[in-house]
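Each chain carries a letter (A, B, C and D) given by its place in the written order, and its residues are counted from 1.
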């Protein structure tokens, strides 16, 4: 097909954050490997040296002999200048530091509350949200004022709260949230196809109907070509119920991030749908069935990710970043498995694609409230994202999802209005917070105190 | 006002149940005391002797020297003949016996789950619902076939599930649920007016805007004439927070049924609205903040109602019933405080009134699902009940109410379709069931086994 | 019933407009005749001498020997000072003068389009709306800035567009629209009761369920006490179909404003509901079935109201106003039949009442869009108006009502944004505009040119 | 991509109707030209000889040397046996004969009502619907009883009413309606690209966002690759406003079916969106702006299609059918331009595609009622059609579309319940029926009398 042009140049991208994590490099590599689009990237990070380093690394990536595109890079002085003129804005920030994350994840443990990730829901996800919402409010205002027509891609967690804040502050924003957890579920199904039927399939060949909220997303129809995979998965979940099944594998999961899908199999047995995220995430959305204590977690085949491990990893990445920036270590051009650059191409009109995405509910899930940030498939076309109607959450799952949808909405409102009573009632309504009202309130206050630098609540208000 | 006629005769009432409780007598006394309506009552109870006894008692009530109306009574052989020709149907049944109620209330205690009532939500309310839904399905079919145009007044608990089943089975039914718990809240406000401002007010003079679901109903506007009572209640709840306030008093509460409103005061502090039900009911809708153990209950100023006590009371009522039926004891004609006969008069066109009622949501609460059984005010007129738009549940309360709304819907569906998985996930989603998935499932099975005579599930299916 | 206090003093009312019509006097007389409320009225009119005159007349009314309340009056210098401190705002303005009204009503006649009133829908209603919307936008902003908590009662036409503009500009406004057309329908039913059954009934004794939009309102349930009036009306409409039935009579209709209900009878035959407005209004909402030409109008038993007649009437009122102001003529204290003062008393908490009112649709009519200004019953209580759920427009009437609802919404938007294309397409979508697109556009331009002084569109833009 | 299998055999298709039109042949040729699917087709037509002839012709098509698939064919004795076992059902019937169509199209002309097609809306579309609805009710019941899981493709007009009836009768049906009118609009845009920019594009390369109802469908976003076509169309519509632009060309339009898009250009000027159907169809949905009389039609560059012409064409097709069946004339294998076989392949899982389709509104158009049959894009996948959220109808178009949506719903209800009053009010609410209530009713009765053989209304009831 001849679609007029097959290459677009002069694209302006603002990249917000990225200083402390590997996302930025992956994104830049994906761009370098793609010959159809090219332009300029403005890096902005509150940690300016990190952005400077990413610029140097990015330039090496673009200079790689196998690079098909050669984006230029610069470091922006402030948010406004990063955004002005942008066609695309990528947001990938770390809200606070590892010190705050330590509070998010580990403070609740003293109260008997265990979290495997601590960045989405649970007490940790909530406290993280309280400091993230004001940052995203600032970003949303800056986009409204400097690049209102840009497409905004968010990678930051807690995803639903971040994207929800963007729309809350600037309803006209063209923002969406990308997450690879569903890809992991597709990969598991591809692995199952290989294991059970000897078929080699790419994860992108697995058609899925996606419905739910980020990290608590569900598949009610899965197929591979003419083949319905649902009955195969039912047998598979049954036969691997006790033993679990391998590890999710692939670049998006590392050692501490893997699982053997036992939680997924148990959820399938109980609810009849395939939960499409890593077990570490799924477990946090439920009452503490899978997170009662470390032994329970062990038994269910996944791991609690200690923040110490993250600190180590970050340190390694920092060192690597220095080596890469200085040229001491050479960059490589491996694929990330992410789709961000593909979605950009579709929004430019170079292709059309259907993929899962986080967007305000405009009816794609009929029995969740309008405006809630939900994850479903959408059709990406030139300057347009249209959700595909995914249907209704089934009766048995609806209350589980609704509870988090309410909590996420209330979290945003509590954070934006500094409504103490709403913050407390929202915190207490999290399924993992089973310690009672008074104790729970104490925990919240302790966590707020421990992260006070980043959220601006004084004395828990 | 001259409204053409001021008296209606020849009214046909079918009274379903009533054999084992005092409701029937109260209702008959209210009818006897009202000179505007008269007719015939057909009593139907699966315990026919109880119905026979009620007939004799009813005849004494109607023969009381102060009676203004003299309804005739008969005992119906079956449901169909009770219903045929009825203008009104009153449903007030005991689903099962005290033996089953003992399981509902006390079986969970061995698992550390305490319930103050056990007939609405919680594990007890759920198991009670599983055996009540089929009975109400039978009644709904009988009404559809024999008296489709009758107005149907339900008093049976669990109210929301009972009324929901009626509409689920026969969508054209003209049914509504009456409950006096809101009256108790009005009375508490009247008592407050007396205590704090020296004003003598009737509970019916307290204007309230009602929104929520039965036994978990909330008031967001309360006034007495030109006086806004909300600020007065805020001070009142504050000053009585520790001590509690008296007892609700009046005929609808007895010794074990009273509370000192401390739960209500705590809920007000946390959520900003006045919970309009007895604390015993309210506590069961929340996580076990107020029901952690008997000491916690004590501290919050209400009581667990032991089934032994109910058995005693029932025995006394049975004995009294024999004395009344035989004429050994003379009937009295006191007011019940209930409104059923007044609503009947409004539906006949003799008056118009606004009162709280349980009905399928047709938009009276904008952010709860259509069709959920909700409690709000409604306008009662000739052959018409129109809900008054009550507004939206506030953000902080919404998830608490939504959770029960989902559970109630799923309870009806699980009961009607014998869907084991849905029953389990619904049971586990109750806020009081904090024992984990496996243990919870065991409890459910134990309770099903203990009440097997009445629900028809075999081996938990 | 003792509701604490039975009299409220110190009420502040802002009366906007009223200089040119009899409404102000009626309202003041109703206040004077009611002993339960009293306070101060600030009159504001862009025609200040008219307001001054009304002040003098009002003072005479309050000094009438039979007056039970004695409100003081003043003339405000500007809108802001009229509104500041107001508990109630009454809006009753004439948008433009009789010169503009002459264009509204008579310009279309040269194109073969006849209108009986020309102030609600039709080409006249539309052009009137284009000049009224900016005035109401100004008033709404002033209320937002000076008296955001006041209750706002609108009497101005086109009612739906006026109330819609208030909410569009200031969504937090507590505004509602009062109209007596439904009262006229109740009176007709009372007259029918007298004529057919010999029963003397007050119009307020006729219970009606109201649904629709102002001047195109429908009754689907009507009763008098225990008596269903619907079958009686069916016979009545049949037997008077050819001859019509008397005249609506009563103070709110004069010679040119009466009808013999033949249009109403025909609409009943076609649609099965009772249209609850004067035939002059009803006819304008339909295609030109009843307004094809003056002969058709004559045949259907109503009249075209010539603006010359209105000019004469206004002149008489002006002269009378001078005589009353000067004391040459003595004021009288007759009842108006309006309910404005009663609704004020209910909003103060002195009473509760149910009456028909124009409000944004919050679900009271389930199949009309949220936010559309609809007319249904509502419950008036202390500081609260709650619509009563009226049900759905029946299938056959729905498209007729929807068409005007869309037009009214588009009229407000076109007027506020000066969207020429939207104005044209809205004008052409009126059922009375059957002259084709080009001719219709010419008519619109001619009418805009003829009323240019008041709407600010230049050259039809 | 390897999707497991790339060919599906053994597919069972039931083809209902097709005896009298060219659709069946086109469909069979498309199947023959596609090597990926194969199976058996059961032909059913109330005119059995026509089905027999189609069987013979179909066999020649499948035996064509260039055929890649070789479907077998049989003629079914009755509807039930045609449907039993079907994976796909294709419905393409002629409701009645040319005699009835003559009444539909030409009877209104004596009343001054001109129609260019007369099969969708207008008096002709309505009367056609009255006789089609019972036929589709019969088909829906047969599908429910014999092939409830089959995918059902409807090609019959009036499309919205036909598909609506299928869902009304059997809510679980998996039916959708296919129409090529949007393809014509895409082709016009491709022609524009060629004419204005010298770009050769296929119609399938034109991305369109589709919203509206069948034959009154609108495009609010159109693009070709990275190119936004909306500004180009705005210039194009302006420059060709007076002259029109060529003819739509291509196999799906013949001489009497073409237009020069002047109506489309005028609608664009007035409403800002591209109407995506032939002008002959579009004109019928509007008031008689373009259909006042034959001269007006001429001026707007389209034609009234006389039924005599259709009779001639049918006769030619009949003759050709005899020649083809006998082998006197050889079949050819040209492409039809239709997509039915492609959608079948997507539903089998062989491909995925996005195309426009008629389905019950599940939120794909947010401001049209749920359940209304609307036309938007949808994602076709294995055993699944998911509408893509198309957005809201713009304010100015909404009332035009809503009016027909209401009429279509009321047409189905009137036809199914034989509700005379609803039929009359629906007939009178059509934009082309501007003759007043009495005259309109006479016309309806005359048309009912003239088509009495097929609809079963006796004396207009």
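Worth pointing out:
Rule of thumb we're sticking to: a contact is a pair of C-beta atoms (placed from the backbone, for glycine too) under 8 Å apart; a residue touches a chain by one contact, two chains touch by 3 or more.
Every value quoted in this text rests on a predicted model; they were computed, and no experiment measured them.
Touching subunit B and subunit C at once is no chain at all.
Farthest chain from subunit D (centres taken as the mean of C-alpha atoms): B. Taking each chain's centre as the average of its CA atoms, subunit A and subunit B sit 46 Å apart. Note: centroid distance subunit A to subunit C, computed from Cα atoms, is 55 Å. Averaged Cα coordinates give subunit A a centre that lies 44 Å from the centre of subunit D. Residue positions of subunit A touching 2 or more other chains: there are none.
Arrangement of the chains shown, judged by which pairs touch: one closed cycle in which each chain has exactly two touching partners.
Every pair of chains meeting the touch criterion is listed here: A-B, A-D, B-C, C-D. Residues of subunit A touching subunit B in their complex: 270-272, 287-289, 292, 367, 369, 395-396, 398-400, 402-403, 406-407, 409-410, 413, 421-422, 424-426, 428-429, 434, 436-437. Taken together, the subunit B residues at the contact with subunit C in this complex read 1-6, 8, 199-202, 205, 207, 209, 221, 223-228, 348-350, 352, 354, 362-364, 366, 377, 379, 381-384, 386-391.
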